[in-house]
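In the two assemblies presented below, subunit A is common to both, partnered first by subunit B and then by subunit C.
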Partner chain A sequence: MNASIGVGPRRRGTHPVAWWGWALLLATAASRTANPWLLLLIVAVSGLVVTWCRGDEPWSGAYRVFLLIGATAIAVRMMFYIVFGGAEGTTVLFELPSIRLPEWAAGFRLGGAVSAEGALAAVWDGLRLATLLVCVGAANALASPRRLLRSVPAALYEVSVAVVVALSVAPQLVSGVARIRRARALRGNMSRNPVNVMRTVVVPVLHDALDRSLALAAAMASRGHGRAAGVPTATRRATSASLLIGLLGLCAGAYALLGTATPAPAAWSLLTLGAAAAVFGIVFASRRVPHTRYRTDVFGPRDWAVLLSGAAAVAGTVLSGMAEPGTIWPATSPLAAPPLPLYAACGVLIAAAPAVVAPTRTRTGTG
Partner chain B sequence: MPMTTPSSPRLGFRPRSLLAVVLAAAFGLVATSWPLLAAPGGALTETTSGPWLFALLLPVVTAVALIQLADGGMDARAVAMLGVLSAIIAAVRPFGAGSAGVETVFFLIILAGRVFGPGFGFVLGNTGLFASALLTGGVGPWMPYQMFAAAFIGLGAGALPGSNAAAPATRSGRAVEIAMLVVYAVLASLAFGLLLNLSFWPFAITQGNLAYVPGGGIGENLSRLVAYSAATSLGWDLGRAITTGLLIVLTGPVLLRVMRRTARRAQWH
Partner chain C sequence: MIHFDRVSFRYEDRLILDDVSLDVPEGEFCLLVGTTGAGKSTLLRSVNGLVPHFTGGTMTGEITVAGRSVRTSSPADLADVVGYVAQDPLAGFVTDEVELELAYTAEQLGLPQSSMRKRVTEIVDLLGLADVRGRDLAALSSGQRQRVAIGAALVAGPSALVLDEPTSALDPGAADEVLSALHRLVHDLGVTVLLAEHRLERVVQYADSALLLQDGKVTAGSPGEILATAPVAPPVVRLGTLAGWPGPPVTIRQARRAAAGLRERLADRAPAEAPAPVGATLLEASGVTVDHPGVRAVDGVDLAAARGERIALMGRNGSGKSSLLWALQGTGRRTAGSVSIAGEDPAGLKPGRRRVLAGLVPSEPADLLYAETVAEECAGADRDGGAPAGSCAKILADLVDGLDDGAHPRDLSEGQRLALALAVTLTAAPPLLLLDEPTRGLDYPGKAALTGRLRALAETGHCVIVSTHDVEFVAEFASRVVILSDGQVVADGPARDIVSASPMFAPQVEKILPGRLTVGEVADALEGIDADDDAE
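Take a look at the complex of A and B:
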């Protein structure tokens, strides 16, 4: 139906970095509020976008798994509240037998009164963590990991090639196990004894995989892979220095943040400068790697639109935080239905835009 | 450029790689254990955005350490071997996912780090967990921490005393090597559990007796952390330590032999 959207010479769906950016922005919005309506709205928006925009790849089912993980997070938080206590309240739901642990065991109280206010606070809090996890699950379901690997900085070229090799070898490993088990069965060896399985299945599979890696390495080496690229020593030194200075800055900044000796602005700026130097080093190191790419993955206007829609959600919560702070962090005692923050809700609704802007192409379309 | 090629798929460990790894370790220590180390009134206890910042900066730090390690020291053999071993890690990881405390990844990283050296172990910890997260769609906020920890477990296994490439000549020497690896595996698994707990403790629980108190100082928070660990993850941590040690005892002799054979065969220069 939307055949006209996906047609373009290099158009292959939304960029995975755009999806991750969108999901992390949505997660940032969720981390800035404890309003249950807003959190549920974020979950609904992410679910809508996932159902409209995901493909039918193996990872597309990740969203459901993360929904389950989120539900577990809420249940665990609730259990923690019931067993270990938390916020106190006046509306007591029921009373558990309570034990006070002795001083040497930290002196905690176990059990005791369970109040509606405390339970509600625990659920809202668990819902916030669950929403963060669900946002991450949306990114997992939407972004193609193989295309994401193409966006790894070029300076990490060798490492990303190793991951690509791993992703392609893993299925071969499974077929290798099947082949060797069949050969073993043909020889009449049906033993389930672990020692026997180790000797006749695991060791041959490992030998097979490692020998294959040597053959692969020989093939790569004979095609000129892995030779030290002709980079001038001065450039190499400069890159290295920038990377190390960045690391030093990050370390110094992190330690300065811990203590009280350094004023906070100085510590933050030290951390920022270190991060900037490290990122500059990575970019610089990527520039000097003379590797060409086949069909570079462009970050097009639609990817920017996806990213901006995520930013709208954050902007909405920030605006609500300034204009109506009581609705963003609703009080649980006294018991009352929390109001819906207007600006934040509008922002989160805008974040549903990818469902319209970047839906999956139908299989009968351009393909 | 005349650069001596290593004689097997081992990564060269030059002074600046060492410096990068040490600095990365220092940063990682703060990024995980800031709840204990943050002094009352310090900048980190005044805000809530600090921990998120650490989770975002950890990948940058890991990338810098990897670039320094890979720069000029990684040939096609190392890349291919890393790829295949990462695939094996990704393939065995789901076996440990279903049951509490069964950890099927560390023993492979430890054995491979032992045979191929500290630099290789560091990169393998990263690529193995990254590949398995990509294959299973399990990329989450915990992944930078897990990759970082696995990398240092591999690095430590490679840095243990004794020769990496050559097997001990005597039977008792081989037994001592396995015993050393088992002790290392148990200690590393326990430390991993504690540090991972620390990294997400302030997010997992925010109210009650077990929660992190911002600005509480080490005395207040340490007892809360110990109680939290005992209540939530002690079984998992012990299970992880036991399964890793057991797997090394059971599979270590065979796997070390297989990998050392491959390392010997890779010397084709």
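Take a look at the complex of A and C:
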């Protein structure tokens, strides 16, 4: 126990912002395609990087939890297709008794024919959602939530409790699950009934995680996080307003961009304006909040490499989207094995670089 | 320094602080005393504005700290005048490393880097953290963690330090480290300390004054005066009151000087030794080994226990007590060795069958509870265990009176929640009962109630094994003590022999009147003398 671990310059892990950036870029790449090979490749790459680069902290188990959530997402998407229908096809697998809905619900059906083409489209759509979730899971497993909290701009103090809870709840959840499940075994309750699991595992774990996140937020507040001492009220209100407007603009812009109803230039300008307002709010408010660093948390070359490798995945999908659009959004009707988009696959493979660039620091003598 | 002027605090329709006025002068070490649920944490948290800024509720009156009004400032604004250390240091850590954690408040205050380094170094020296300065927080012992939490609250140079149960989760040695560090702070830096603690026997010797919080009202006075009338008092004070010593004395030293007469009176009366009623052997464990990644938590422990035994498992934090309990119950990991309870190995059984052999109440009793009301919890326990409806409710009624059936288990007091978890465990009627650190959140009446319940269970043929740091609880409860160190048994024997042989584990009464463990024993002996005198 007394063998000191931290003697000499510490070899620090990769910056949490780099991990989140990498994971979100990978998620962006996933959202730009419905090609199952590509999606599976993204899941594999994220899995590889998590295995090689995660530490042994409590939150490192997050990836497995998110894999499970992803699998559930596919199952739920499939169920929705079977019950409510979706893409139609000619290869009917089986037929459910269908119910005619009243006039006002036109466009929906309940039951009816279940076709192979429709089912395939549903699975691929579910897989896309699952891949997005798995990318978020990878970020949670890789990035230290505490170090990430330190990187949050002080300007967000107005919403600091919300930020702390948002950033720390997932890791707290993961560490809570094992404890609660063990206690459940003590009661002899091994039921796998979803309602029972919901009540006896999910609810206590959520309760516990929220309690802990709030305790952390309280501790941060009593340690001076987000001090506004000496800042005039009017200025504080102005910065909060610009932050809020900026975030709303960002959301609206992202929604417009993903939807098809808004023309692209309008969506982009909305997004840019929102981003500008948010950045202005953060920069302006950060200037007003006195804040120093004990030791600068440098965003080094390795962190940039991680971030760039994530960007390569997005670039790959964009290239493929221009050069071979049919492969990025493969048709399910008629039934055929979708081809592998070449550029995108190369991009995603480059995103596996962190496994080589930033493997877990080798620790010896912990104990 | 800390000044309350007619402060009332109400949460929904519960009045928690009722017209409280108090004044803690500069440089004083002040102890806040009260039963669980009296509102001690609320009062402490209102000093830096966490109550009501963070919790909601209605507060009237005026609180000032070092001349700054708490009403108009947020907790963050007050970080430079009040340092607040919460119950669980690990839950409040913002960073992963000792040095960064210590510097956090200074960073938030915007101190320049050079003076930050100087401050951090000063605090490291003051709290004896030099050899762990560069470590990860996760690699620290619990006493070191608590000292880091105190240091982190001190770096900004606050004039007041507020601590909520800083030693309740610590073993006696770690508690000593923390308290002597605090004592040094009061002397060297002149910090005003306001501290709440259930284990009064540990802290009262350091206190200059005390505040009693009862039914929302606060009474101030010297520690002796306050504790003589308080519903919670450490054994030394209860002994002093029993013997009629003036004061009464609050420290062992004072009490020893007053005790000469009593020692003489008791000299010719050997403590009545009730032979421990030991039944048939129930538990046989040999060579139990538990490996966690990178650590051997339990290392080849042999333990046999019989029905009717009351065993206390003691040892420093991290000595393997919890791992051993979980391994004995069978739900926890066991790397090697064998466990047999009434002839069966629990690890090989289904969880439902396992809990009929051995019940374990984990250190966080709330983990066992998941219903929305007490009544539903009991019904659920009956269903889980296949017991006839109403069994759990009946056990609960035997354990504790006047529990509201409709209350949410999380809203109960610590003692009530523990009783509920115990009732849920007992519904399966296991002959072996294991409790992990049950006294952490309990005050003296709560502990006395728990002792009574566990003794009654042992008399009806259960074997009860409790892991604990609480030497006073051990003195009241245990018939046998097992001490673990680094996963190995280093001492095992009758409670009286083991605790009196070690200054670290000796209860207060034993230090004053060698040979006696509890105030109850002394009272019985005195009664015996009086009866003999009357007979003559």
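Operating definition for what follows: the second predicted complex is superposed on the first by the 228 of 367 C-alpha atoms of A that agree within 3 Å, B and C clash if a C-alpha of one lies under 4 Å from a C-alpha of the other, contacts with A are read in each partner's own complex, and residues count from 1 in each chain.
The rule is simple: a residue touches a chain if its C-beta (ideal position, glycine included) is under 8 Å from a C-beta of that chain, and two chains touch if they have at least 3 such contacts.
None of the values given here were measured: they were computed from a predicted structure.
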In the overlay, answer first, second, both or neither for which of subunit B and subunit C A:R77 touches.
first
Subunit A residues touched - subunit C or subunit B, whichever exceeds
B
A:A337 contacts which: subunit B (first), subunit C (second), both, neither?
neither
In the superposed arrangement, which partner chain does A:R212 touch: subunit B (first), subunit C (second), both, or neither?
both
First (subunit B), second (subunit C), both or neither: which does A:A170 touch?
first
Between subunit B (first) and subunit C (second), which, if any, makes contact with A:H225: first, second, both or neither?
both
Should A:A234 be classified as contacting the first partner (subunit B), the second (subunit C), both, or neither?
neither
Quick one: is A:R179 in contact with subunit B, with subunit C, with both, or with neither? Answer first, second, both or neither.
second
With both complexes overlaid on chain A, does A:A285 touch subunit B (first), subunit C (second), both or neither?
first
Does subunit B (first) or subunit C (second) touch A:W59, or do both, or does neither?
first
So the subunit A residues that subunit B and subunit C both touch are 149, 199, 203, 207, 212, 216-218, 220-221, 225-228
Parts of subunit B lying in touch with subunit A, wherever the complex brings them together
1, 3, 9, 16, 19-20, 23-24, 26-27, 30-31, 34, 37-44, 46, 50, 52-54, 57, 60-61, 63-68, 70-72, 74-84, 86-88, 90-91, 123, 126-128, 130-131, 134-135, 137-141, 203-211, 223-224, 226-227, 231, 250-251, 254-255, 258-259, 261-262, 265-266, 268
Help me check something: in the complex, which residues belonging to subunit A touch subunit B?
31, 58-59, 61-62, 65-66, 76-77, 80-81, 84-87, 105-106, 108-109, 118, 121-122, 125, 129, 132-133, 136, 139-141, 145, 148-149, 153, 155-156, 158-159, 161-167, 169-170, 172-174, 198-199, 202-203, 206-207, 209-214, 216-218, 220-221, 225-228, 230, 233, 236, 240, 243-244, 246-248, 250-251, 254-260, 262-264, 267-268, 271, 275, 278-279, 281-282, 285
Residues on subunit C engaged by subunit A in the complex (per definition of touch)
48, 50, 53-54, 73-80, 82, 84, 86, 88, 91-97, 99-100, 103-113, 116-117, 120, 131-136, 138-139, 141, 152-153, 156, 293-295, 326, 329, 331-332, 350-355, 359-360, 362, 364, 367-371, 381, 384-385, 410, 424-425, 428
Can you tell me which positions in subunit A touch subunit C when the two form their complex?
1-2, 4-7, 10, 56-57, 144, 146-147, 149-150, 154, 157, 179-180, 182-183, 185-190, 199-200, 203-204, 207, 212, 215-229, 289-295, 366-367
